[in-house]
Every structure is written in C-alpha cells, then in structure tokens.
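Chain naming follows the written order as A, B, C and D, and within any one chain the residues start at number 1.
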Amino acid sequence: MTQSFLEIKGLTKNFGGLRAVNNIGFSMERNQVLGLIGPNGAGKTTLLRLITGILKPDAGNVRFMGKEIVGRKTWDIVNMGIACTFQNMRPFRRLPIIANVMVSCLSPRAMKRGEWVKRLEAKAMDALEFAGISDMAREKASTLSQGDLKRLEVARAVATEPELLLLDEPFGGLSPAETDLMAISIRRLHKGGRFGRLHSEGPAMIIVEHKLQWLMKIVDRIIVLNFGTIIADGTPDEIIKNPRVIEAYLGQGDA
Amino acid sequence: MERWEKRIFILAMVFLFAVSTFTVASGQDTIKIGVIGPMQFVQGIGQWNGATMAAEEINAKGGIQVGNKKMKIQLIKADSNEFINPTDATNAMERLITRDKVDFIVGGFRTEAVMPMQDIAMEAKKIFFGVGAAHDELCLRVAKNYNTYKYWFRGSPFNSTFLVRTSFVHLGTVGAILKQSLNLPKIKVAIVAEKAMWADPMIPAAEAVIPKMGMEVVGVWRPSDKATDVTAELSAIQRSEAHIIFTIFSASVGITFARQAGELKIPAMQVGINVEAQKDGFWEATQKMGNYVFTMNTYARNVEQNELTKPFVDTYIKRFGETPAYTADTYAVIVHRLAPAIEKVGSLDADKLVAFIENDVSKGPSGTVAYLKDAEGRHTHDQKWGPGYLTSVGVQWQDGKLVGVWPNKWKATPEAPEITYKGVMPVKIPPWMIEKYKK
Amino acid sequence: MDLVLNIIISGLISGSVFALLAIGFSLIFGVARIVNIAHTAFYMVAAYCIYFVTHKMGSHPIWGMVAAIVLVTLLGIICYKLFINPIREHEGAVLIATIALAMAFQEIMVLKFTGTFLSVPSLVKGYFAILGVKVFYQQLLTFCVVLLVMAGLWILLMKTKLGLAIRSTAQDREVANLMGINEARVAMLTMGISVGLAALTGAVVVPLTVLEPHMWLHPLIMMMAVVVLGGLGSLKGSFLGAYILGFAEALVVFLAPMGAFLKGSVALSIMILVLLIRPEGLFGVSFEEER
Amino acid sequence: MDLFLFYLRKLFTIIKKEVFVLPSRIVVVLFFILLLLLPVFTKDLYLLRIFTLTSIFAILAASWDLLSGFTGQMNFGHALFFGVGAYSAALLNKYAGIPPWGTIPLGALGAVLSGLIIGIPCLRLRGTYLALTTLAFPIILMGIVFALPDLTGGELGISGIARLAGSRVTDYYITVVVMLGLCTIMWKITDSNTGIIFHAIREDELAVRASGINTTRYKLLAFCLSGFFAGISGGLYAHFMRIAGPSTLEVSMSFQVVIWAIFGGIVTIYGPVGAVFILFPLLEFLRFWQELRMLMFAVVVLLILLYMPDGLFRWLRDKIEKECPRCKIRNVAMRHTCRVCTAQLD
C-alpha cells in the first residue's frame, strides 16, 4: 500500500452557526503544486489553518506522510515539514528583517538540517537572498512595502526547509511585475536545490490565490471550494471549462 | 518654551541633589533623639507630639545635666513610611544614625518594620525605645542574645501577652455586670478578631479562658484588618445571639465594625481591644455610632493612675487638642526614663545607660515601669504588668465622651489589694440591649 | 433559611459595589484601551470630597455627593488631557502614568487629611429588616443606583449618538476615526463617564465604610478581578462577574467565619479558575484564531 | 611576559575601538567602575545601604524586563517571584540552617517553581488579561502566608535570619557584583538566539509558532528565567534586611517594579537597571522634604513620562547617539558620517 503524501478526510469546522469547512477530503502527492481557489468566504484560508493546526477542526483527520497531524501543535506540524504563510502578513514588525527569518532558522527542523551551517545569520541571509530582499536585511520589518512583506513571509516559510508549503495569497496586493517575479520564485522553489546555504526540498505546495492567470502557470492541479465544500478538482484546463466553477465565480445569471 | 521648561526641571533636580547632600547635621552640644514612625498617621503623630512635649519641658528647664554640662534636647523627625514600605523604614533608621548622628531613638510601630530597624540600631549600639509595637518577639531577642540586643527597651505598650490578660479581665468585669443587671443565665461571647499575627494567639487563649470564666463562646470571626464591610459578620453574630462581642482590633476594621454594629443596633456589648476606639476621632469616624464601645486604653481624661497622669494628660490635651494615645508615651520614655538615667549615670555612654535603665524602677504618667527578667533570669527589657505597675485602663464611649470605667474595685488576685483609679465611672449598657433582654 | 437569605443579601450588595466600579473601568478600557489603575483612586478622591463638603463646610451630604461627582469627573478629564492623552500611543507609559496618578492622589490626601481614619454621614440613616436580616438603607440605595446606572448606561450606549460613537470606537479605533468620529473626543468623554461612575460609587459606598488614603488598593484588585472574569471591555461581563465575586465573598464569610480574611484570595482564585477554562473571560472576545 | 603584553595590547585595542567610540558604552563602563570603587571613597553606611538595596532592586527590575519587556508577557505580579525568593531563602535559613550562599540560589529555584506554576495557567492568556491575572497571584500567596502563621510568621514575616555577610562593605560588594553579573547575563540572554525568539513572541506569537518554534517552551523559559533572577534578588533582600515579610508580596511592590522598568525604558535591560539607580536614591534624596516626598516622586515620574514616554534611557541614548541609516551601526550624535560605512548621517 502506498500511502499518500497528504491525505485529508472529512475535515469540518464550524464558526458558531457558520460551517466554514464542510466535510472536505482530498489527497495530494509529493511532487504536486496544488491551487486552491474559490470565492471569498469559501473556506480556503480556514482549510490552510486547519492543516497547520492554528485552528482545531471539529471533525475529520489529516495525515501527512503517514502520520496523523490533527491535534498536534502548530510548531510540531511545522517541524514535520509543513510551512505556511499568512494572508494578512504577520512580520515581527519591530525586529530587523534578518531576525524575522532567523526565528525560522532556529526551529528544530531547520537547526537539524543546517547543522553544517555554522552561522544562523548566513542561512537567514540566503533565505532573504532567495526571496530577493537581502539588501534590506537590517531594516526594521515595519518599513517594508506590501510586496516585500510577502517576500519576507515566503523567506520565513522557506527557511524551515519544508516538505509542504502552504501559501496564502502570495500574489495579494502585488503589482503585475512583482507578481511575475514571485511566480518565478515559487516555480524555482518547487524545482528544489540549493540556494546558497539554504536547501530546498522542492516542496509540494498548496497555493490559495485569486489571480488565476498567474496561478494557472504554476500549478498542476486545482481544487475549487465553495461554501466549505469541494465543487471541482482537476487540472487547470479542466477547471476552466467546468460549468459549476464558472457559476460559482460569476454567479448564475452569466452562466 | 520647551527648552525653558527643561532648564527649570534640570535646575530643580540639581537643587534637590545639593540640598540633600549638604544638609548634614552639625556639632554636638545637644542630645539628639531620633523620633521614627509613620509620621502621616495617628501613631506617628502621637510619637512626635509626645516627644515634642518632652523636649520642650526639658529644654525649658535648661536641659539635661550630663556630668557638669547642661545639654538641651534636639529632636529629629524621621518618617518611616512603614505602613507602606518597610524597606523605607530601615533606610530612615540608617539615615537617622549615620547622617543625623542621633544618640537615642524612640518610635517604631509595625512589627515587620521594627525588627529590621531594631537590627540596625543594635548594630550601631544606639539605645532604641520601642513605642508602639507590642509583639513579644522584640523583647525575646534581648533575652536570647543579650549582648547584641541589649540596647532595645520596650517603651509602650506592655507586651501582647499582658494585653490579652488585661482584656480578659475586662471581659470578666463586663460579663458580671451584664449578668447581674439583665438577669441573664449564661453570658454568650462572640469573638471577633482582625486577621493579624498579634491577634492569632489570643483566639485559642480566649476560647480556653472564657468557659472557665463561666461564659460560653458562640463563634469566632476573623475579618480582614482593613475590611470595609462587616455586615455579613454582624448578621452572623446576631444570629448567634451573643451578649458580648469580644473584639480584637488594631486597624480600620475597628471603626467599620463599631459603626455598623451601632447602626444596626446589634444587641451585644463590644468589649476588648479596639485601638481605633482609643482615639478622640472615633466618635466622628463612626458617625456617633460607636457609642458604648468598651476598649482597653493607656490614658483617659480625668482618670489618674498616679499623680503624674493628670498634669501630663491635661497639658497634652491643651497643647495638641486630643487625648494622648499610647504612642505618645514617647513623652514618658524621654522625661521619666531616659533623662533621669542620663543625669544619674552622668554620660551618654550607651552601655552604662543600659546597665542603669534595666535595673531602674521609674514612675511615669501611665504607671510605674520596671523591667522584667525571664524565667531563666535573663533580662528581656520588657515591662512589668500588674497592680502597682502598668495596668492600663478600661474606657467606654458614653455619649460622645471617652470615659474611664476600669479598674473599678479590681482585685488582681483574691489576696491582692482592691484597686480603683481616681475618676472612673460605672459601665453603661446599650439601651437597645436592655430593651431586648429586660422583659 | 435565613443563612441563605443573608448570603444572598450580602452577595448582592458587595456585588453591586464591584459592578459599579468595574463597569466604569471596563468602559474606558473598551473604548480607549487604557488600563486605568487610578480608577479607584478617583473613587477615593470622591469620598474625601464628600468628607470635605460635609465636615469642613457643614453642608448636607447630598451636596457633598453632587460636588464630588462633578468635581471628580472634571478632575478625571483634566488628568486625562494633561497626563494620558499626550502619551496615548505608548501603552506602558499610560499604565505607569495612571499608577503615578493614583500615588499622587493618595499622597495629596495624606497631606490634606493625614492618614487618620475618617467617615462621612450616610445619605439615609438606619436600617430595615427583611425576614430578620438587617439591611442598611444605604445598601439598598447602592443596589438601586447600580440598577439605575446600568439602565442609564444602556440607554446612553444604545440610544444616543454619543453611545453609537463610543460603541464604534470600542469596536475599531482606526475605522471609527476614518468614519469621521472624533476619536480623541470620544475617549475624553468616555474617560469623563468612567471617572464619574467611580465618583458615584465613592459617593454611595463610602458612607458605610472608613475613609483613608490607601482605601483604593483593595477595591482596585477586586475590580480588576471582576473585569478580567467578565471579559475585558464587556459591560455585561463586568456586571455578571461582579455578582459572582460578590457571592463568593459572602459565601466565604458565612460558611467559614474563621477564614473571613481569605475572602479576597478566594475571589481571586475563582477568577483564575474561570480563566483556565475560558481564557477570554466569561463574555470576552474569543482569541481562538487570532487577534 | 610577551603574551601578557599581547593581551594587554589587545585589551587596550578593544577598549579603544569598541568602548570609546560610543558614549553609552563609556557610561556603562564608568558605571561598573564607579560602583565597584564606591566603598573606597566613602564608608558611609547609609550610602552603602542605599546602593546595596538599589542593586537588589535593579536585578528585580531587569528580570521584569526580561519577561515582560522582551517576551511581552505583561506581569503585574512580579512581587510573587521576589516574595517567593525571599520567603524560601528565609525558611531554608531558619529551619534548615543553610547559609546564605546556599539559600539564595535555592530560594531562586523556589521562585522558578512558582514561575512554572503560574506560567502554565498563564500560557493561554495574553495582554491585559495576563497582566491583571498575574496581579492576583501574589495576593493569593499572601492569603496563604496569613493562613499559615506558624510557618510564615503571618504579617510579621520570618525574622532573625542570617546576615548576608559580616560587614556592610562585604554586603555591598556581594550584591553589586551579583547585580552586575546577573544583569550582564540577562543582557547576554536577550542578545542571543533565545532573545530573538523572545522578541518575536512579543511581536506575534502565532507567527512564531508557524515558524516552527515551540512557543510554550520559550514562554515558560522566560517565566522561569525571570523568576530565577527575581528570586535571587528576593533572597538577597531577605538576607540583607534579615526579614522576609508580606511586604515583599504587596501590590505596591509589583507596581514599583513596573514603574522602574517602564520609566527606564523596556526591552533594554539597561533601562530598568538605570531607572532603579535613579529612582531609588531619588526617593532617599527627597527625604529632606519628608511630607512631600512620595508626591514629588509621583510627579517626577509623571513629568518625565510626558516628555519621554519610551523611557528615560532610550530617550537619552537617542539624544547622544544616532543610528546609521545604511549599516544600522550606532554613532556618536556629533559625527556626520558613519564610523564604519562612512555613510552620511543626518
């Protein structure tokens, strides 16, 4: 029996009366890049948070590389190899950018993997380099622009050297040019390899995004959510043609 | 504008610094006595007033004869702030000794602060008369380690063991009066003691002694010493049908309790220790509800322990407008113990003075003071209690006046002589109590 | 039976006092995120104000109450303008500014009135008995004032423009600012209301107790326990929390008379126990996700 | 001999290149030297006493900063650690007869334990909730102290415990050296990787978790470390005052610590230490004006805050030093170019 890389079964989460995530189940492979789309309030972000353990599901389970991860603490999950970014960026505002990344470098997983790296700063620098903001390493995080904050989020996540990377709207608030750059970075990351002293496992990814045209270029599979349930699952080409997706996105009138 | 303010600020700071560092006391032609206490509270004010009166009296006579030279008394006031911050109290003590270079120290109130203060004074070998703290431990230290602690003397009040004994006598006296005049078969007593260390040993003692006196204990309540509402306790006490409430209060709860009990007309007499009720301000503080409260006290208007009492109390009232509290015994300490001792020894040498004072018997306005030895014959520098020595008085609030009511035909032991101080009056029973029981 | 009644009455009364204090504290915290340590110090100042008017000027207690509420509210607003508003952005600084204010008030009172225990006359003297339990009229008054204040506050918050402004500011300061609400003015007015409530509490409660310059510390702690228990910034929570702690205290006094002094500790332990189960207090906003 | 000279020269270079370039560093070095040499100039017992107590409280204030400033776990009940340290040192000394050098570390361990005990329930609380809850702990402990007067001495406290050392000068040296040592250690901790995590936890705890850090462990670590240092200061206090009483647990004690730390400027370690060295002696200098002393103290705190809400020492440091916009290295305010990268300073 081959166990899948990530397997989600019957995941459910209620907020008061609102059912944000309703009995979701899917699985993905180690080499996939998965796009997660859907209208606002469809439960995309909630799903990511359930996987990372920030929220506790009311029912269902999540298996990552054969291990159950529901009920584990966030840091445990991160150290098993799932990293995430936040939709509304959450940098440590009063710390220099490099220190932001160093926190990730100090996680047990990163420490174990980078034993041969003598200096944490060097590794953190490489993560920043990868994200393209190394020239501002000593600035306070509060001075960064939106786009650079997104990059910082990615750098922070990458520094834990994850197997699975959850990106929550990596293109949100970016200009088209910046989006291009970010898309290239993500692609490059997925290929894996070394970036200086930083090692990329070539992580599998789940990307939540609204900018479909860029998303389509990166992902090889898309899951569409609406009202907390999966309404479509397939390759980008299939999804574009799927009538239920069009209905959900554009409303019934246009369908 | 801003710069100007800043400059003033800096100037002020520099000024403060300068003043404080250069105000070091000068030459030695006077006897310096440090008065240390919580100067913004009644206790400290009493200590300072008593000392002021003593200094004025002695200086008016030209001072104290030390050898062949007359030396005047100079008082130095130190606010110990000890209720809020005992650390501050020790600093004040240290400052008195090293900066102001005092020769003697009187004062201290909160035992937690007095103990470290005692340590500092003993280390500097300065005679320290404690006026305010009643805890036994302060004097037990003298017995245990005489050479270090011999410079400590108890000034006032006598120690808490004796305080308990006196208040039991009061309880018995009032119990007998109630029994007789209200025709009660058995007197029931509710014990209400504030939660404080000094009150702790009094409760088992009271529970043991009261049945022996032919009375019954119906319950024990321990409100916080700063409780601001005791209606709950009062309701419970009324339910227990107690005739006497045996109070053990030193802090503000004494006022709250008396006021609320009076306002609710709880049919029971309050007897015991209520330090707040010893003060003239009690009547106002309880909004006249503290009527008929009975408490132990050191002085009372028109009651004379001996011939020294009346002049002292009258002068004090004239000078400061209130009856002296027990912390005002700084007067007795300076005038009747320290000054005669210095004159007789003829020097300010602490060791010589200690040797003299511990064997001296002196008369003061609150009675005759003699210093005790413990069972093993060690000096404790604690004061002797009993007929002929310090007894304190019992006082009762009667319609706005604090009236002395005890000792009235009191016999300490069956063989002892009967004692009645001049000026005592009979005890009054609250009318609502008479109304309830006399049917 | 009358034990139960006793407990109920005592609990209601001490709960009312806590509720009055806690609501004011909660209000200013909700609107301006100010942890006003000096809140009960204002209560103390009000009590001394009544003392001054009745004893030094010899007026009727009612004038004392009025003067206390008006003057202390003004004092609160002035202190806010002078010492708190300029450093609003620095949370820590605001905190110790209020501690320093409380200390300053305490010292001023010590200077003016010394540390002597004082008292003020009650507005209505005497007591009445319900089923053998004696209750002061003043306690009844306290209870009524709590109900009135609650009703008044509810009307103010729900039915008036100022109330709307206060509520929206409490929800989100920045957004309220953008919506054209003068946040600074709302904060100042709320401070006025909050301090006014503290003064009112002083005016109705103090006639039953003793005045001294350190009388603000104990209610401060109980008030904070109430506010935390009920959930910060939630008026409903403060109201309920106050009665829970009030009853806890009454139970301790009646059922464990030897341990009456422990009533404060017991109340605080209850608060901690509740927080262990619900970290955001009874009616606080849940943090489950993030804040 | 050559080796010695080499190290001497090296030391000299370090002093010249690293210390004399920044006024704040010079001030720190001067502070160390002055404190250590004070008894050489004066044997005034009063002065020594004040500075001994100041040192003890400096440890306390710095330990508050370590917990509340760096980790952002607002602790309003810091007196708990101080009191537990003082009481356990006193109990161990009185009943087990252990000398001060043993009781103080053991007392500090007691404080660590109390840090764990309150830290675990407090893990789920944050911000103002945490602040107001921690305020309750010392009060509850005080209730226990009063309920067990046989063991704890009730409101009298435990008295008659051993002296710290034979003489006041030795006391002074012990506390000052311990203070300087511990504060340096605390400063080092905050400068280390652990310190970065502490900082990050204050900024955004969830994000730290998402970076794979066990925040629970680090928060508890902060509670324990802070408890340890505060406990040491409590033990020193108990042995210096020779009494451990309930005043060590009072609310005013907790408030005092907060005042010191915020007055000096949090998240600095040096700020709270400096603040204690200004405010505690200030209270003593104000003694010539006894009646107004506490009022003056409160007014001084209020006024200084009005101008320097970030804390006195941060304000001062910003006045005498500038940060280079390019390389973020500090420079004397008088320089026009950065001393390292020669960038223009404005």
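Odds and ends about this structure:
FYI, contacts are C-beta pairs under 8 Å (C-beta built on N, C-alpha and C of every residue); 3 or more make two chains touch, one makes a residue touch a chain.
What you see is a predicted model, and the numbers here were worked out from it, not measured in a lab.
Chain centres computed from CA atoms place A at the largest separation from chain C. Across the two candidate interfaces, B-D and C-D, the one carrying more C-beta contacts is C-D. Here the CA centre of chain B is 39 Å from the CA centre of chain D. Separating the CA-averaged centres of chain C and chain D is a span of 33 Å.
One finds 36 Å separating the Cα centroids of chain B and chain C. Separating the centre of chain A from that of chain C, both taken as means of CA atoms, is a distance of 48 Å.
Counting partner chains per residue, chain D has residues 146, 206, 252, 291, 294 touching two or more of them. In chain B, the positions touching at least two other chains are 40, 84, 195. Chain contacts: chain C has residues 110-111, 259, 261, 264, 290 touching two or more partner chains. Chain C contributes residues 29, 35, 37, 83, 86-87, 89-90, 92-93, 95-97, 99-101, 103-104, 106-108, 110-111, 217, 220-221, 224-225, 227-228, 232, 259, 261-262, 264-266, 268-269, 271-272, 275-276, 279-281, 284, 287, 290 to its touches with chain D in the complex. Residues 193, 196-197, 199-200, 203-204, 206-216, 327-328 of chain D touch chain A in their complex. Interface residues of chain C, counted against chain B in their complex, comprise 2-3, 6, 10, 13-14, 55, 110-111, 114-122, 125-127, 133-136, 139, 208-210, 212, 214-215, 218, 250, 253-254, 257-261, 263-264. Residues of chain A that touch chain D in their complex: 52, 54, 73-76, 78-79, 83-84, 86, 90-96, 99-100, 102-104, 106-110, 120, 138-139, 156-157, 159-160.
On chain B, the positions that touch chain C within their shared complex are 38, 40-42, 45, 83-84, 194-195, 219-229, 231-236, 238-239, 252, 255-256, 259-260, 263-265, 276, 281, 284-287.
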